[in-house]
Amino acid sequence: MEHPIWFTVLVNRLLAKPALALLGALAFRFWARRRQASSGERAPVALVAILAIVGLPTLAYFAAGEPIGFSLAKLSGFNLSGGLQLYPEFAALTFGLVTYTAGFIAEIVRAGVLAVPHGQSEAARALGLHRSLTMKLVVVPQAMRLIIPPLTSQYLNIIKNSSLAVFVGYPDLVLIFAGTVLNQTHAAVQVMAITMAVYLAISLSVAFALNLFNARNALKER
Amino acid sequence: MATPATPGAAYVRLASGPVLPPPPLSRGAIAWMRANLFSSPLSSAITLALAALGLWTLPPLFLWATVHAVWSAPDGALCRAHQDGACWAFVAQKLDYLRYGSYPVAERWRVDAVEMVGGALIVWLLWTGAPRRGLGAVLFFLGFPVLAFVLLRGADSLGLPVVDTLLWGGVFVSLVTALVGIVFSLPLGVLLALGRRSSLPIVRAASVVFIEFVRGVPFITVLYMANNMLPLFLPPGWVPDRFVPPLVGTALFAAAYMAEEVRGGLQSLDKGQYEGAMALGLGYWRMMGLIVLPQALTLVIPGLVNNFIGLFKDTTLVAIVGMTDFLAAMDNAFKDTVWSGPTILPTGYVFAGLFYFVFCYAMSRYSAAMERRLAVGRRG
Amino acid sequence: MAADEGNAIEFVDVHKWYGAFHVLRAVNLTVGRGERIVVCGPSGSGKSTLIRCVNRLEEHQRGTIRVDGVELTADIKRIDEVRREVGMVFQQFNLFPHLTILENCTLAPIWVRKTPKREAEELAMKLLARVKIPEQALKYPGQLSGGQQQRVAIARALCMNPKIMLFDEPTSALDPEMVKEVLDTMTALAQDGMTMIVVTHEMGFARKVADRVVFMDQGEIVEINAPAEFFANPRHERTRLFLSQILR
């Protein structure tokens, strides 16, 4: 089916670009804040953002006549063909890492939120703020002070625990380099040094970035 | 006499009212549920969703683990026949192997002895009401390692046949690794923490570099490094036992984390304590040993126990360098063809999970109890 | 009895329990518009609980509480409406430490009353001037003294233009030299005609400002009277005992 030129341009150049949708959502948020500052009315930013980022490309997809097909994995012979195939080891590693660390992070967030003095949420409620606004404006900003340092440790733990891929056979840095290469070249010192340097570099960068974020959240005292 | 219901009126109470019990619905289980589980529409929806999830997953799990399970059998045939239940018989049969590995049967009393002495010393140290805990600390950190080494390894001169570490395996290897980790890492960690706070630049720099380096790399790489590089540090001809590199690696790794905990304790100790000790004319080491460290370490016991829980779980990694810990013993047990079947792996891993859960839960309850005690002491 | 629209607060046979502890026993109290009430009593008598029930920071289990004509029930929407009209000042100030003084004051008007930012800031500066600390507007609470923080807390509550102000022992956590500045602020507020309930031990303030003094003990209201009468001729023996301990 032939489409007029303007339709094709509209779909291809504007609607189909998630990056543009993201920019549009950000612009909407900026506009909504200014409108709230000047007139006091609040606009549903979250809803509009989700609609834009998810909805617009979907709209473009259907408008363009579903140009992308999904290649579903099909059983052919003893193996799968087509589709996007995850290594089962990758799935195992991801599932394990995520569920394991999520428990720790849950405890950290809970400790942080509970540590905010009860009087803070009482004062906010006494002013007439909803429960959700109280959390968003008063409790969470204060809880972040207590959450970010242990959270940094947990993120670093995830990065380091990914080395456990060696146990499930997923070919990550440690398995390939410090395992196979080490066995073949016997250059123990060099291989270990390089592996550790890689992890150190990643860990230190992440820790540095998160520490900067932490410093911004600190309270100003006398 | 006007009642207080009239604004602007004076009032005097003539007779005191009765003290009443609370209305039934505001107490007890129903009130608790209304307040905590069903306090708002969202809360109610989450409660119902979780209840549905629980009903969907828990009864089959319970049935698998208890009703349909095979509790005793001489080999895997019965388990293969009952594939909808756990095969606890496998665990029961393999329990000795899981506890001792290939340790000679005649010498297993030595392992039991070490475990009991170690357990008793730990209870002595951790129970706050126990007398003379200082003596217990000395015994645990200095005497017990020697005893454990002699008993487990053996010494021909004492009439104890030497048992090569190749035969060691199972639970006691995990426990030994964890205990060695804590016994050696705590003193080393204290030294590192003191070094990090030192005013001597070289000492401080060395401590900082060591701590940040070890905390920035995965435990596995530390074990690999210890395994490959320790022989290079020793004089030629000295081949360390296969168990030594992972123990050294574990101790060094744990020391860095302990150092950070101890440093937190040293920092949060009141400055006045340092000043009081210095005003009395105590030297650096006396001040540290008599005044500062006893208080600082007590402050961070919850953190230390947390580290121990993590260390205990990390001991499985020594399998990568050749020692047969509990999980590696379990993996070996899976290979027994007599028992092979589809329910063996889930059963084994569930049992391993339960084992670690029991230990770690006990430790975390202890840590929570200690935290409560310390909070009471410090309140106000 | 028909709800009297003219009354600010009505307590009708209110009971409250903390678990098994009967903390408010058959409380009956009516506060008219523009009335200034001081509530006093020994600790544990339920006076803080009483005023915290007014804006439903505490829930009562039996009886009726009506605030500005609205009955307090579990309906969250109505509770939020009531809280907009009732301002509260806490013993521990409870200022938001991560926001500036100005932001503390403009937070609720912007997010609850949907006031535009500039209007909210103008109102906040006006009220900060009224409590005599306009120059601190851009500082953070951690940089202010206790007395200043409490005055900011008063200004913050006033920014919502409440009809009723509740004070829960506002000067108990202050150093003695700062108590006067806060009491002066509260006196000025009373003279402007605000309906107030103040829980306090400051009897000088009660004598000067209150229309009625309410004495509570063990969860009951024991005596109510105009301050002159209350201090000169306490009629109940428990009141006499309490006053003899407080006024030395």
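Chains here go by letter, A, B and C, matching the order in which they are written, and residues are numbered from 1 within each.
FYI, contacts are C-beta pairs under 8 Å (C-beta built on N, C-alpha and C of every residue); 3 or more make two chains touch, one makes a residue touch a chain.
All of these numbers come straight from a predicted model, not from anything done at the bench.
S.K.: Which neighbours do chain A and chain B have in common?
M.R.: Chains in contact with chain A as well as chain B: C.
S.K.: If I count C-beta pairs in contact for every pair of chains, which pair wins?
M.R.: So the pair of chains linked by the most contacts is A-C.
S.K.: Could you please state the distance in Å, as a whole number, between where the Cα atoms of chain A are centred and where those of chain B are centred?
M.R.: 31
S.K.: Can you check how far apart chain A and chain C are, centre to centre, with Cα atoms defining each centre and the answer in Å?
M.R.: For chain A versus chain C, the centre distance works out to 45 Å.
S.K.: Could you give the separation in Å between the centres of chain B and chain C, each centre being the mean of its C-alpha atoms?
M.R.: Going by mean C-alpha positions, chain B sits 50 Å from chain C.
S.K.: Quick one: which bits of chain B touch chain A in the complex? Just the residue numbers, please.
M.R.: For this pair, the touching residues of chain B are 212-213, 215-221, 224-225, 228-229, 232, 317, 320.
S.K.: For chain A, which residues are in contact with chain B within the complex?
M.R.: Those in contact with chain B are residues 156, 160-164, 166-167, 174, 178, 182, 188-189, 192, 195-196, 199-200, 203-204, 207.
S.K.: Show which residues of chain C lie in contact with chain A when the two form their complex.
M.R.: Residues of chain C touching chain A: 55, 57, 80-81, 83-84, 86-88, 90, 92, 94-98, 107-108, 110-119, 140, 142-143, 153, 156-157, 160.
S.K.: Quick one: which bits of chain A touch chain C in the complex? Just the residue numbers, please.
M.R.: Touch residues, chain A against chain C: 36-42, 117, 119-120, 122-130, 133, 137-138, 141-142, 219-222.
S.K.: Which bits of chain C are touching chain B when the two form their complex?
M.R.: Against chain B, chain C makes touches at 1, 7, 10, 12, 15, 17, 19-20, 22, 25-26, 28-32, 35, 61-62, 76, 211-212, 214, 218, 220-226, 229, 235-236.
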